[in-house]
Amino acid sequence: MENIIIDFKEKPDLDNPILIEGLPGVGNVGKLAAEHIIDVIGAVEFASIYSKFFPPQVLIDDEGVARLVSNKLYYSKAKTGDHSDIIFLIGDYQGLTPEGQYELSSVMLDMLVDFGGKRVFTLGGWGIGRVVDKPRILGAATHTHLVEEMKKHGIVFSKDEPGNGIVGASGLLLGLGSLRGLEGVCLMGETSGYFIDPGGAKAIVEVLASILKRDISMTDLEEKTKEMETVTAKLKELDEMPEPNKDDLRYIG
Amino acid sequence: MENIIIDFKEKPDLDNPILIEGLPGVGNVGKLAAEHIIDVIGAVEFASIYSKFFPPQVLIDDEGVARLVSNKLYYSKAKTGDHSDIIFLIGDYQGLTPEGQYELSSVMLDMLVDFGGKRVFTLGGWGIGRVVDKPRILGAATHTHLVEEMKKHGIVFSKDEPGNGIVGASGLLLGLGSLRGLEGVCLMGETSGYFIDPGGAKAIVEVLASILKRDISMTDLEEKTKEMETVTAKLKELDEMPEPNKDDLRYIG
Amino acid sequence: MENIIIDFKEKPDLDNPILIEGLPGVGNVGKLAAEHIIDVIGAVEFASIYSKFFPPQVLIDDEGVARLVSNKLYYSKAKTGDHSDIIFLIGDYQGLTPEGQYELSSVMLDMLVDFGGKRVFTLGGWGIGRVVDKPRILGAATHTHLVEEMKKHGIVFSKDEPGNGIVGASGLLLGLGSLRGLEGVCLMGETSGYFIDPGGAKAIVEVLASILKRDISMTDLEEKTKEMETVTAKLKELDEMPEPNKDDLRYIG
Amino acid sequence: MENIIIDFKEKPDLDNPILIEGLPGVGNVGKLAAEHIIDVIGAVEFASIYSKFFPPQVLIDDEGVARLVSNKLYYSKAKTGDHSDIIFLIGDYQGLTPEGQYELSSVMLDMLVDFGGKRVFTLGGWGIGRVVDKPRILGAATHTHLVEEMKKHGIVFSKDEPGNGIVGASGLLLGLGSLRGLEGVCLMGETSGYFIDPGGAKAIVEVLASILKRDISMTDLEEKTKEMETVTAKLKELDEMPEPNKDDLRYIG
């Protein structure tokens, strides 16, 4: 069996597409953001990626039908001249091993180059260990001119954030892409890191809408964010209740 | 050394055989079920599978003879027109790594296709964390028409069970099989997940007998189930005895 | 770099040699036994084995000279007609991964076949969790006739000992050897499993001397065994002293 | 993707260069030492090494620009006849797996041989578990004549230090190099093992300056050493304060 299989349903005709990656990660911020955009702009699935670097697992849908874990590619053609064609990369898992991560990102960049693409956006979360009210979008990019371009959209480039760099596909697509002369930007929505975070995803989608010059409806993500806020508010209340000290109780008891 | 070696004793002439997989897993439900059927219908061993994806280990029989850990293939020719030829896959271990799991399942599907087979049944346990009196058989399948076909045999397709899909050979043979146009069904007997569970295996064999239109004697599995019930009943009693609290004792003492 | 490098100093001319494996394992029983025999019969080093399946490590000798971790091959030509030529396999480590174990054992069997050999003895320890006064030698073999042959030398073939088979080179050389038509015997000296155990090694050397029809001096191993007995006797005494109960002290205190 | 990519900016013309390795390790002693020498003698970066044996990670500089984790090669041409040309190997990480370690060291030795080099110095720390006032430099070498040569520079070759040999690139470059007929010396600065240790690095640079017959300014490392001594002195004070015993407090409480 090959290490990585790309199973194309269709080979769309794309013009200098940008790649947007939203694979699972911290708070699933990138995944939620990419899936939301795919939904609201009606991007079309055109390929499935299977790999022995993914877990040996099938997922089962509500009808009882099993499908092998995979990544998926979607495309969206630009509707007006000032938009770009887009390829989206989303999926169930990232590669399980460092080698798998390198191989998968490398194959995705080959695919992008085959479609004539030159630019990558990777979406992720930046876990800060506490609930965030107004998540900032932190950035990293392959070139200084991209850093300047992104700052205009309100993206924060902050020394020592994230201090240990970016691990996984969101980092590798930039790092390996840069070696091939591609441009890349990583957008990281601040998030607690404890929950699936639609709020962080919403912040990323807003900034991406500005970068991509696309109108993207936020209704769905706003609802999910409110639901999640209700949940975390309740959890916070619980957290603030004084916790009985077992040792004290034992001694007094 | 090759990654996987299939050592054929015999190349049986089979007509559109179905593959039944019963490798070790939760409660060894699938393994017990497959081994029981092999025994009572007198299936014939025809190949051994060795692999560096298995543990580096020999097992020793009662006479002191060592044999390398392996998987084994058995076949059973249909006796009447409404039966199918069957290939059974059982063994000591599943592959140790994700890569090993993918490679082994891939090679098994190649083998099935070589014998002209188009359908796979994988047998497993579905651990629910408590002792089960009447185990249901949960199912997953590669195609909607198979889901409908299986429901007629009393197999339950239940939303969110199993919630995280199916891991290992029982999942991969469906997922990878589906990519090659094969049909597959996974049958999972409910089981506590704490013990080897002949009760779950018996429930699977009963439903398989119905699907395969074969009479399969249950005597042996029924006896094993009763023995196991005696053991678990005793364990339950022990569990219900109040456990002395060490901290209390220390304080009082 | 190749996975495994065999660096031959010399290609000895051997007649149907037997391979004796004594790599590190439980109580280093096999390693001590093989090294002892190499010493007292004056076997000659003829090859070093390096591999990326070993740890990335050099060892440093008393003069400060570093050498890459390795396995080593020694040979001893038969001195009279009723002896066999012998190849010894000893070393610093076994392969770190299952794949490495399979590859290394496979390459060793290729080497043995190249030298015209047909029989393997693997030496190991069988950890029983308590200090042993008179260690038995447990056995496992590739063929029933070998089991019978070995019983004549006092080797014990005991149902369920070792219950989970034999892991590592001592097992694989038998299991993989058997697939190539080679004969193999594993000799396991009973040992506590807690210490390097020259006593277990001595018991193995005695039985091997009988099998190989060689006189092998035991003096050195006997001395080491006595030293170790003194150490363990002291440890036992310590173990039998009542240990103050910290919780009691605290409470009373 | 290839396992290891060497991306040359320049192929310098070097005369019998020595390789000095200072990759991350215990106390980062070797890394600090090599980076210091590169700085003060003005060595020139000429190649980057990328590999799937490194973590799948980018690092982000103060401007927000991401770069793939890598190792780097620098060179310094000899300025007078009694100096040697030098190649430095530094970087973010060592290989993550044993296989990766072997492959990376093997490729580095190929590179050295391509440049006509015959000698390797590897720099590391030797963690002794307590703060060191005057760190010794322990050594290991591939040949006895090198041990003698190094002793003249005050390097200590001490039986049983380090007792378990040298793990990682500092060991492998010697061990694998020796198999190709290269000479190698490992210099290990004593260090606590708890902190990044510029003091250990300074001791290594001093001895290397003597070996390489180069004047190397120590100012920067001396300052860093003083800063670190202030920090560790404070930590020591804290350590010597009696720690309240929670159990006592609770009981008295």
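Order of writing sets the chain letters: A, B, C and D. Residues in each chain are counted from 1.
In this text, contacts are C-beta pairs under 8 Å (C-beta built on N, C-alpha and C of every residue); 3 or more make two chains touch, one makes a residue touch a chain.
Just so we're clear, the structure is a prediction, and the values are computed from it rather than from any experiment.
A.B. asks: How many degrees of rotation bring the Cα atoms of subunit B onto the matching Cα atoms of subunit C, given to the nearest 5?
C.D. replies: 90
A.B. asks: Note whether the interface between subunit A and subunit B is symmetric in residue numbering, meaning over half of all numbers used appear on both sides, and answer same or different.
C.D. replies: Because under half of the interface numbers appear in both copies, subunit B and subunit A meet with different residues.
A.B. asks: List the centre-to-centre spacing of subunit A and subunit D in whole Å, with centres computed as mean CA coordinates.
C.D. replies: Spacing between the chain centres: roughly 37 Å.
A.B. asks: I'd like to verify one number: the distance from the centre of subunit A to the centre of subunit C, where each centre is the average of its C-alpha atoms, in whole angstrom.
C.D. replies: Subunit A and subunit C have C-alpha centres separated by 52 Å.
A.B. asks: Give the residues of subunit D that touch two or more other chains, as numbers and ranges in rising order.
C.D. replies: Expected reply: no residues.
A.B. asks: Please classify the inter-chain touch graph. Allowed labels: line, ring, star, complete, other.
C.D. replies: ring
A.B. asks: Touching pairs of chains, all of them, please.
C.D. replies: Inter-chain contacts occur between A-B, A-D, B-C, C-D.
A.B. asks: Where on subunit B does subunit C make contact in their complex?
C.D. replies: 1, 5, 7, 50, 52-60, 62-69, 96, 250, 253
A.B. asks: Using the touch definition up top, name the residues of subunit D that touch subunit C in the complex.
C.D. replies: 95, 98-99, 101-103, 105-106, 139-144, 147, 157, 159, 162, 164-169, 171-172, 174-176, 178-179, 184, 186, 247, 251
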